[in-house]
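In the two complexes that follow, subunit A is the common piece, with subunit B as its partner first and subunit C second.
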Partner chain A sequence: MKFPKFQNRWRFRREETFNQMYLLGVQSVPIIVVSLGFVGLMMILELAFHMRLVLKHDALVPAFSAVLMVRELGPVITCLLLTSRIGAGIAAEIGSMKVTEQIDALKLLSIDPVDYLVIPRWLGSVFSACTLTVISIAVALWGGAFLATQKLGTSPGEYFNTVFFFVKFPDVLRCLIKAFVFGTLIPLIAAYHGFKCDLGSAAVGEAATQAVVRSSLAIIIADFLLTYLFYAV
Partner chain B sequence: MPTNAKGLHRELWVGALFLTVVVLLIVFGWLMGAIGPLQSHSRFYILYNFAGGIEVGSPVRVAGVKVGKVSKIEFMPEVASQGDNPQERTSLKLTIDVSTKAVPSVRKDSRFYVNMAGIIGEKYIEISPGSSTAPILTHGETIRGVDPPRIDQLLSQGYGVFGRIMDFMDANEKTLTEFLQGMQELIADANTLLKGRERQKLLHLIDNLNSVTSDIHEFSVRMKNPETRRFYDQVFDLVDRAHSIDKPVIKQFLQEEGIRARIF
Partner chain C sequence: MEASRKWVQTFGGMILLFSECLSLTFQKKIRWQQVVHQIFQVGVSSLGMTITAGLFVGAIMALQIDVQLKDFGAEAFLGGLSTSTTLRNVGPVLIAFLLSGKVGAYTSAELGTMEVTEQLNAIRLLGANPVEYIILPRIWAVVISSFLLLIVGLMVTIFGGVIFAEFIGVNALSYVQNIPRIVTGWSLVLSVVKSFVFGVLIAVISCYKGYHARGGSVGVGVAVQSCSVTNLMLIILFDFLLSMAASTLEDIFRVGYL
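What follows is the complex of A and B.
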């Protein structure tokens, strides 16, 4: 007994998948590193200000900044940046393919457009979201350690000791689950807007804009739901 | 397989990114204590009736140095204690993993306290190093921990004591009021005395007392002098001899000498 449709739909397009991983993930490393590095620095300064104001003490700044980074800002900011970088690109690419009837051509060749266009981008996006989130957390922690050493008088050992007292490995795993969900939402929403794109170049631009806006919104709502599920239930 | 050099180049970059992230995750896991493939641990079981906020993952310290963590907490109300009181039953069994480097300091007579550190009160288990004569605790042994003080119970007891004080005060309100009024009047009188005209007299009296005590002190010091003691002995001797001279003898002496005097 053969299941040709099933086999076709889930065929792993290795070259295209690695290509998307490279385009979405590897090429996003610089912007993620720079952005999250500065976010880590900003968080140290801001939390130090608030803790001195309220508690007259800044010994727990590393811990709070790391917890916030791992549980929230790491995956959310990374995936919002990823959305602005790749969400618009995916929507515009698929939209322009639809406008130029390339998707119809794929169908004529009995190639499923979702299988051919969406699955590699989804795999690439999930890979990018997860890997970049881990890198962003590492960069933010190192940036925070640098600033805490320079401005708060905390030694690197003391900084990381405090950080890893409060941040547990399950937090990192939950952070990766968040990144996986966000990485799934970005290409799905972007591809949806690409496939639903009207004819005309203006419609392609509109689809790209809508993809970024709705992906960002979906990420923020999903973040709330996941945070509630992980930490409040 | 990639069909050209560009594809291979991209796969290498993707692989490098993936490997970097795997290494970072291993480092995170190692630093957070989730994985430690190169570390060896000894496992001990500690029994408590009250864990005081200890959680799975809470650190374990020996002499203040972090050497392990709490890996499991079980509710076991029927476990008999292995400590000094075998009849005692405890309700909690904590599993802790302690680095083998620190195990020589963990002895049979070590104490397992639940302590609090930091300004927000994170909890940890502190193991006090035991005496050198006690045998080292072996892997898998069960020990009775020292239950931390229950702040909630202290507050509850304090509340009870405060309630009883309030009851006593309510029951003896009149007596207490009179006592306090009397004390108030006494203090007011003393205050008036010390502030009014009598103040100078009191001060003078105190000065005199001071002077008298000073003189007595000086006299006492002089009396301890050897010369003074010799003089005192001589006077005593003189008085003793004079005591033996009675009235007829003195009268006869005066008559013989032709002295007329009215002495007695």
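What follows is the complex of A and C.
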């Protein structure tokens, strides 16, 4: 196998990349906003139970849930949702292109299929993972503020004060690094399974399944490694 | 408007499919040999992935709760608090996400391929009901195997937490001794109920989406994608609803507290 030579990679297919940003990012917004809103509500409920059990009062619930949200659940749940939304789609799309011999046609036109298919999807996926993580954490915090005012009796100002006191800037930066890594893993694994797809209609479904499973597992493992690297070393 | 109409249509279709399966089950038309075969095919092949995911989820939550408790100065509660948070909500949700990718997408891809290659039409042509012969054993197999896999995964998360606590220098014995102080029987009941509900959701959604796949090999890919998206959204929604119900019960009857 020939190792690819380093080329001037600052050129990219702008039209195709913006198209993928729209398809992968903008179209996932409703799903992710709705889901992460519920996650934000749920975190307040669960942590209120635990804090009442352990500390006998619930003053620390907003801080604890917001820190857990920013450090852990925000990027992970967003990117797992994004995986199921785009991972299967990318694998099925590239797989059916392989089955219908469109990839061979691209090679015949001396267009590199990686350059034409994978790079725009990678840029689009990284862009959408980072932006959607920010949006989803904002939505989850607003959901948490709503439920905290209804159930715990903290005022919204009090809620956001504690949140901004306990969530530090490095947490936000690490959260974005996590989103970047997860956003890179999804299209790479999905495109690999698409290119490796056998001929036949059963193989496309198989490739889509494998892409979703492997990239979700890769996200969980990468999350463990990154969390360990950021907070325990 | 179009999107919401589609959602309502999907919900109605899923409820109709599930009620048809339930009525066929009560008419004792279920073939247990097929169910066992499917459980073996779907469940056993997912066991390794579930155990891996469980270990990592347990370790992540132990680490994360440890770092946060240090900020608040309450490290004494590490074992109980991380195990309880994992068992009650984070564990079932994350493991069900992975299972919906593995079990759900596998089932919907298999059924979708059958539908697209007109094998289900062949069954209809023979005068048989495809729901009874193909869907019914699969639904029960996926319910049973997802439920059992979730329980196995949750047990493994406890184990992963213990291993990781020892790894970062917390005494494993004090970690384990702390668990029964905070994890009550009520929390275990809640996590078992959540596991069962998520198993039913994965089964019904993946069978519905596979059964309604249309249009060649592209249609199978679309079915797999929309199956896993619907699965994840409904898992989060039902997780919230069950947590809300549990919290209401806790407030009214004071169950769950020590």
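Note that the second predicted complex is superposed on the first by the 222 of 233 C-alpha atoms of A that agree within 3 Å, B and C clash if a C-alpha of one lies under 4 Å from a C-alpha of the other, contacts with A are read in each partner's own complex, and residues count from 1 in each chain.
Note that in this section contacts are C-beta pairs under 8 Å (C-beta built on N, C-alpha and C of every residue); 3 or more make two chains touch, one makes a residue touch a chain.
What you see is a predicted model, and the numbers here were worked out from it, not measured in a lab.
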Checklist entry - Where does A:Leu55 make contact in the superposed view: on subunit B (first), on subunit C (second), on both, or on neither? => result both
Item to check | Contacts of A:Cys79 with subunit B and subunit C, given as first, second, both or neither | outcome: neither
Next on the checklist: Looking at A:Glu206 after the superposition, I want to know if it touches subunit B, subunit C, both of them or none. Which is it: first, second, both, neither?
Outcome noted: second
Checklist entry - Which holds for A:Ile189: it touches subunit B only (first), subunit C only (second), both, or neither? => result neither
Item to check | Touching partner for A:Val126 - first (subunit B), second (subunit C), both, neither | outcome: neither
Next on the checklist: Taking the superposition on A as described, I'd like to know which of subunit B and subunit C A:Leu152 touches: first, second, both or neither.
Outcome noted: neither
Item to check | Which superposed partner A:Phe38 touches (first subunit B, second subunit C, both, neither) | outcome: second
Item to check | Partner chain(s) touched by A:Ala179 [first = subunit B, second = subunit C, both, neither] | outcome: neither
Item to check | Partner chain(s) touched by A:Gly25 [first = subunit B, second = subunit C, both, neither] | outcome: first
Checklist entry - Who touches more of subunit A, subunit B or subunit C? => result C
Checklist entry - Where on subunit A do the contacts from subunit B and from subunit C line up? => result 55, 60
Checklist outcome for this item: Per the touch rule, the subunit A residues reaching subunit B in their complex are 15, 18-19, 21-22, 25-26, 29, 55, 57, 59-60, 127, 130-131, 134-135, 137-138, 160, 164-165, 167-170, 172
Checklist outcome for this item: Seen from subunit C, its contact residues with subunit A in the complex are 49, 52-53, 56-57, 59-60, 63-64, 67-68, 71-72, 74, 77, 80-81, 84-85, 88-90, 93-94, 97-98, 100-102, 105-106, 108-110, 112-113, 116-117, 168, 182, 216-218, 220-225, 228-229, 231-233, 236-237, 239-240, 243-244, 246-247, 250, 256-258
Item to check | subunit B to subunit A touching residues, read off their complex | outcome: 2-3, 7, 10-11, 13-14, 17-18, 20-21, 24-25, 28-29, 31-35, 57, 59, 118-120, 122
Checklist outcome for this item: Interface with subunit C, subunit A side, in the complex: residues 31, 34-35, 38-39, 41-43, 45-50, 52-55, 60, 63-64, 67-68, 71-73, 76-77, 80-81, 83-85, 88-89, 91-93, 95-96, 99, 166, 200-202, 204-206, 208-209, 212-213, 216-217, 220-221, 223-224, 227-228, 231-232
